[in-house]
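Data block below; observations after.
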Amino acid sequence: MMAVGLNHFLVLSALLFVLGLLAVLTKKNAVTVLMGIELILNAANINFIAFSRYADTDLDGQLFALFVIITAAAGAAVALAIVLNIYKQMRSVNLDEADTLAG
Amino acid sequence: MLLHFAAPFIFVIVAAAFIALNLLISRLLQPRVPSAGKNTTYECGEIPIGSSWVQFNIRFYVITLIFVIFDVEIVFLVPWAVVFKDLGWFAFVEVVIFVFILLVGLAYAWRKGDLEWDKPETGKFARDAAPQLFEEVGTERQQTVQEVTL
Amino acid sequence: MIVDYVIWIVLLPLISFAIQIFFGKRLPRQGDWLPTSVMFIDLLLSLIVAGKVFSAYDPEFRITRSFEWVVLGTTTIKFGILIDNLTAVMLFIVTLVSSLVHLFSIGYMHGDPRYSRYFAYLSLFSFSMLGLISVDNFLGIYMFWELVGVSSYLLIGFWFEKHSASNAAKKAFLVNRVGDVGMFIGILLIFAITHTFNFSEVFGKIAAGELSGALLTTAGILIFCGAVGKSAQFPLHVWLPDAMEGPTPVSALIHAATMVAAGVYLVGRTFVLYSEHALLVIAGIGTITAFIAATIAVVQMDIKKVLAYSTISQLGYMIAALGVGGYNAGLFHLMTHAFFKALLFLGAGSVIHAMHHEQDMRQMGGLRHKLPVTFATFLIATMAISGVPGLAGFFSKDAILAASLEKAMETGMLYHYTIFAILIFTAGLTAFYMFRALFLTFYGTPRNKEKFDHAHESPGTMTIPLVALAVFTVIGGYGKWFEELVRKPNLQMFAESGAVQDATHAATEAAAHGAHTIAMVLSIAFAFGGIAVAMLYYYWNKYSAEAVSKKFAGIYNFLWNKWYFDELYQATAVRGTLLLSKAMGWFDLNVIDGLVNNTARLTTLISFGSGTTDNRIVDGLVNWVARIIGWFGATLREIQTGRVQAYILMALGAFILLYVIQLAMV
Amino acid sequence: MQELIQAVQNSQTFLSGLSEAALAIIFFVLFGLVFATVAAVCALVFVYLERKISAHMQDRLGPMEVNTGIPLLKNIGHGWAQTLADAFKLLLKEDIVPNAADRRLHLIAPFILFCAVIAAFSVMPFGEKLVVSDMNIGVFFVLAITSFSVIGVILAGWASNNKWSLLGGMRSAAQIVSYEIPSGLVVLVIVMQVGSLRFNDIVMAQAGGILHWHIFQFFPLNLIAFIISFLATLAEANRAPFDLPEAESELTAGFATEYSGFKWAIFYLSEYANMFLIGIFLSALFLGGWTSPFGSLFGGFFDKPGWQPVWIILKAVAIIFLQMWLRWTLPRLRVDQLMYTSWKVLTPFAFVTIFGVGLWMLF
Amino acid sequence: MSYFDLTFYVFAIGAVVSAGMMVFSRNLIYCAVGLLFALASIAGIYVLLGADFLAATQLLVYVGGILALLLFGIMLSVKFTGVELRTGTLQMLPGLIIVAGLFLLLLRMIYRAEWAVQTPGDMLPTTTTIGKRIMTDLLIPFEIASILLLIALIGAAYMARRERS
């Protein structure tokens, strides 16, 4: 296949994004959903860094990716706290059971 | 610059191969006598009862949580440390503020007791149960010590 | 001075009435002595007054005193006493008859359960009659007019446990009321125009011409209606025969002398009011009444009924006399009639008293030996009424006939000539039925043995009045005093100018004399003719009355039934009112109630209509909308599964859809 | 490394034809093998040393018998081959995996731990030119890689599905995690002074004799930093006073309870390799790495490139000796004391040192 | 086929395969391991793109921190033991369809758009530039990040503490 260019990275990030999304959409366990979310964020990071490399803007992309990682860390922490609370409340973390807000 | 990173990657692969090789050798050489006793979970020879799940208290999670937050702090401080020499007084103040804010978090955790770990209360009961027994033992030992020292 | 006497004359009966009505039962002899003595005092005072008035011997004698009674803004109503010759005469007549009746009643009413109340009513009646005579204005007359009506009602219905008595009282009162209404309207009419009730002021205004022409005539006729009602004239005479239900002294007092005379007095007092036309009407009414009453009296069997109809007939005479201009003739006849009619009634009373309340002449007969005094006085009175010369009746009746002939000659109208003829013929009839009654009662063989045996002469209290009246019946007719004093008033008298009017008097004097003689001759002839016929039928029994009555059955029945007046009134007025009330009732029920009910039903209909539409349409609509929204809500609810992942899935699905659409569009 | 590659390329051997990258990869593989065997050999040597030292400290002889029949060394062998014998024994032992355990995870856990440590060696500086990959973010990379061990420990604990191993795993993970912070922070102190993450830069900054070593700069601060770093890295390696998770007496072998045979050996190998790694790491950062303590004293004789690896290894061995020494002298820390020291003592002091150095440098 | 492409494909396939493992595996821990290898390979990809500092942060923060956190999360939120922690899937079919659709759209976008692409320069060490840029240009996000971390810490700690009591 041709030399690895920007498109390859974009396709890879799209693929990872899609897989993450699939995890979020289909997984029953909340923690797995969180993992899915992390994967999606990483896919985004790949894009950032790919562009920071191929459209050189003085490492803006990388800095942005850095901050994405930071926020993801904080987000994961809080999300997990929430999940644990849900677990305490409902004795299970399966999302399909957590439908008290049903209409 | 890429090659620098190739090294650890290759080192990982080589180490994995090394272990795999050894495991293969040991698998070939080792006697294989499966028996029920062997295959049960090892509980100091006791018969394993109950599930291994133990309701972890949340402390492990909180510790990891604080670790993540400070880990991220380190990630921020590394580039600062690297360019500390070149930057002036201003960057130092910024970082002081940055670290101070996070220290507030640490203080909060510390104050709220998230960092404490349950002290195993050992010894308390025994002493209460039979205080005079302890006294006797205590006195006897001192006597023997005196004899010995003499 | 005289006025004070008159005031006392009027008020004394009132006082006695008051005492009698409240303490009558507790007084000794149930207080019959109190009213009687009071009346005799009144008689004495009226004699004094009459003495003073006649001593002046001035036809223009007039004393009035009045005081302001009611002040209504600008108009003030004055009330007062008027004394002139006419008042004096009337006072004397009323007090005399009343006191004699009081005296007679003591005997007659002896043993009656409501003895004291009877006397109370008598004094009330006397007070109201005396008041009526002495008052100087229309309002006063009207008030006393009503009082007289009330007391006559009370006295007629004295024995109210008798059904016929109470009905008679009601009938009398109602018929009087009809007349009073006419009078009242007349008074109002006058007041509306002249703004005053006082006689002299009214007459002055008429003289001045404020009230004249057709209006004056109608006012006159209306006032005359009152007289018709009270004096039982032609249309309204039906109540008097029934009034006989009351005790006989009452009939004597009220239905002979006083009350019925009030009508004539009223016409006399207000004579100036009547215009030519009014006088014609009055004369006609009077003549008709006289004729009808006389014919009915001929066939009556009850003694009191005969006298009652004779009273109506004589009143007819007086009214006719006034109608034809015979002013003092009429009034003079009033005075004389009072005397002998009272005597007749009291006589009848003593006969009835003797026959133990038997009034039917067919049960009487041959009483002249049993009741010698009663027979004697009764005979005198009968001769007087029949117009036998020498007695009071002759003079007064003759004067009337002369006046009517005079008028006929003066106007030369057939109308007056027929009046004269009828009056003459009625005089004959009067004589006939009076003597018929006399003979049926006192002569012949007693038809009711058992009652005949018990009959005995009445005690002294009853016979004295009979004798006294008999005396007055005899002497009453003589003397010109009446003619001079009681002059026919005319407008000029009241005109401020006060022009002398003797001249006109002289001219009429000559014509009158001619007519006078013709009238006298004719009246005597007819009188004796009547007596002869009566003697033929009842004294010598040559012809039997029954045969005549059978031969002329039609006429007889017609007369027996009192010209079917009662039936007539019954048919017209009574049933009319009933019908009217029924119609009103029906109208009220159906039309008004109907209207109300219909509106109610309409409103319910409308509300029901709006209610249903509201329910059906409006609610329907609203419910429909609610249901639709509910349905939407239900369907949409399915989407909210509560699972976050489902939501994200939907969102992404929508996103892809949009993207594709956008592509397709581009 | 570059010089080595040029040397090979122009040596016209059959290898010179290959591109530079290919050559590098070949060398990396060679060095990988070298380091893997070195790690194994070092582990054996250190185990032996540990046993002898701890014995002598406790006034006993330690393993004496196993001298492998070399007549000469029979009585003075002091059981040198003891650990060799152990190694062979472990190779021959049966590798038992309990039914309840999750076979695949059970296998992966040791791999992760061992590979993480070996990968870290690729960055260690043994001499000015004797470094496998002279990475620009060397120090930071080491920090990153060592964090893998947490995952390894947790997976090992979880995979064996044994209450003790799970608890042990969790506890050791918590310990490693909480001590990584102070070690990370303290490293920053040095990086601040040097201004670069490359190991060689840091070491060269300390050239010039013992007085130039970082440990002596900014007098108390760097020393404190060294102590914090020494303790933190010790705890991360689960050794000595901080080895509560696999304290023999209480939690049997901690997360390694269900491991037997060579897998268990791998844990041991990775532990001692980790010790050696720490030794080199600390010496590089604080004790001047491959610079001789004498500086220019003996005319720079000792600074020659040849001596550089000697010095760094000597310093590493000294640190290891210190660790062993600590192990057999200090009593084990209770769990709450463990956490206390990490969060309430080391971390605050680490921040103090950072600010102190920062201020000091600015004035 | 240069070494660069080779390593890219190695890492790309590694990442995708492990991500797939994470998505489709039923055992929770296998998901975690899958995520672990995915993150490691993504770090490798960062290296290929010249972001050496970020690769290290990725390893340090994600693998060392977040993954550890997730593992702890898994262990604390599991009712029963037994190694196989089953976690089923929901609405897999629709999910797949939608996701596939989305992927196609992304691909279409990638290949249709003309990226302002330059030929990449040689890779330079990035740490110093990152340090400078953070301390100068991105000062405010830097401070806000600190506040964000503080809030996250306090929030999570509070919730965790609430959970314990």
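Annotations for the structure displayed:
Each chain carries a letter (A, B, C, D and E) given by its place in the written order, and its residues are counted from 1.
Definition applied: a contact is a pair of C-beta atoms (placed from the backbone, for glycine too) under 8 Å apart; a residue touches a chain by one contact, two chains touch by 3 or more.
As the structure is a prediction and not an experimental result, all values here were calculated from the model.
Fewest steps needed to get from chain B to chain E, stepping only to touching chains, is 1.
Where touching is counted per the definition, the chains common to chain A and chain C are E.
Comparing the chain pairs D-E and A-B, the larger number of C-beta pairs in contact belongs to D-E. Centrality by Cα centroid goes to chain A. Note on chain placement: the centre of chain B and the centre of chain C lie 141 Å apart, centres being C-alpha means. For the pair chain C and chain D, the distance between C-alpha centroids works out to 154 Å.
Centre to centre, using the average C-alpha position, chain B and chain D are separated by 17 Å. Taking each chain's centre as the average of its CA atoms, chain C and chain E sit 132 Å apart.
The multi-chain contact residues of chain B, meaning those touching 2 or more other chains, are 1, 4-6, 9, 52-53, 56, 58-61, 64-69, 71-72, 74-76, 78, 81-83, 86. In chain A, the residues that touch at least two other chains are 21, 25-26, 66, 69-70, 73-74, 76-77, 80-81, 84, 95-96.
Within chain E, contacts with two or more other chains are made by residues 4, 48, 50, 52-53, 57, 60-61, 64-66, 68-69, 72-73, 75-76, 81-82, 90-91, 95, 98-99, 102, 125, 127, 130, 134, 145, 149, 152-153, 156, 160, 163. Screening every pair of chains for touch gives A-B, A-C, A-E, B-D, B-E, C-E, D-E. Residues 1, 3-16, 18-19, 22-23, 25-27, 29-34, 38-44, 48, 50, 52-54, 56, 59-60, 63-64, 66-67, 70-71, 74, 77-78, 81-86, 89, 92, 95-96, 99, 103, 106, 110, 115-120 of chain B are the ones that touch chain D when the two sit in their complex.
Residue ranges of chain E in contact with chain A, taken from their complex: 2, 4-5, 8-9, 12, 15-16, 19-20, 22-23, 28, 31-32, 35, 38-39, 42, 45-46, 48-51, 53-54, 57-58, 61-62, 65-66, 69-70, 72-74, 76-77, 79, 87-92, 95-96, 98-100, 102-103, 106-107, 110-111, 115-118, 120-121, 126, 129-130, 133-134, 138, 141, 145, 148-149, 151-153, 155-156, 159-160, 162-163.
For chain D in complex with chain E, the touching residues are 21-22, 25, 100-102, 104-105, 108, 135-137, 140-141, 143-145, 147-148, 150-151, 154-155, 158-159, 161, 166, 170, 173, 177, 180, 197. The touching residues of chain A, when paired with chain E in their complex, are 1, 3-12, 14-23, 25-32, 34-36, 38-39, 42, 45-46, 49-56, 58-59, 62-63, 65-67, 69-78, 80-85, 87-88, 91-96.
Touching chain A in their complex are the following residues of chain C: 636-645, 648-649, 652.
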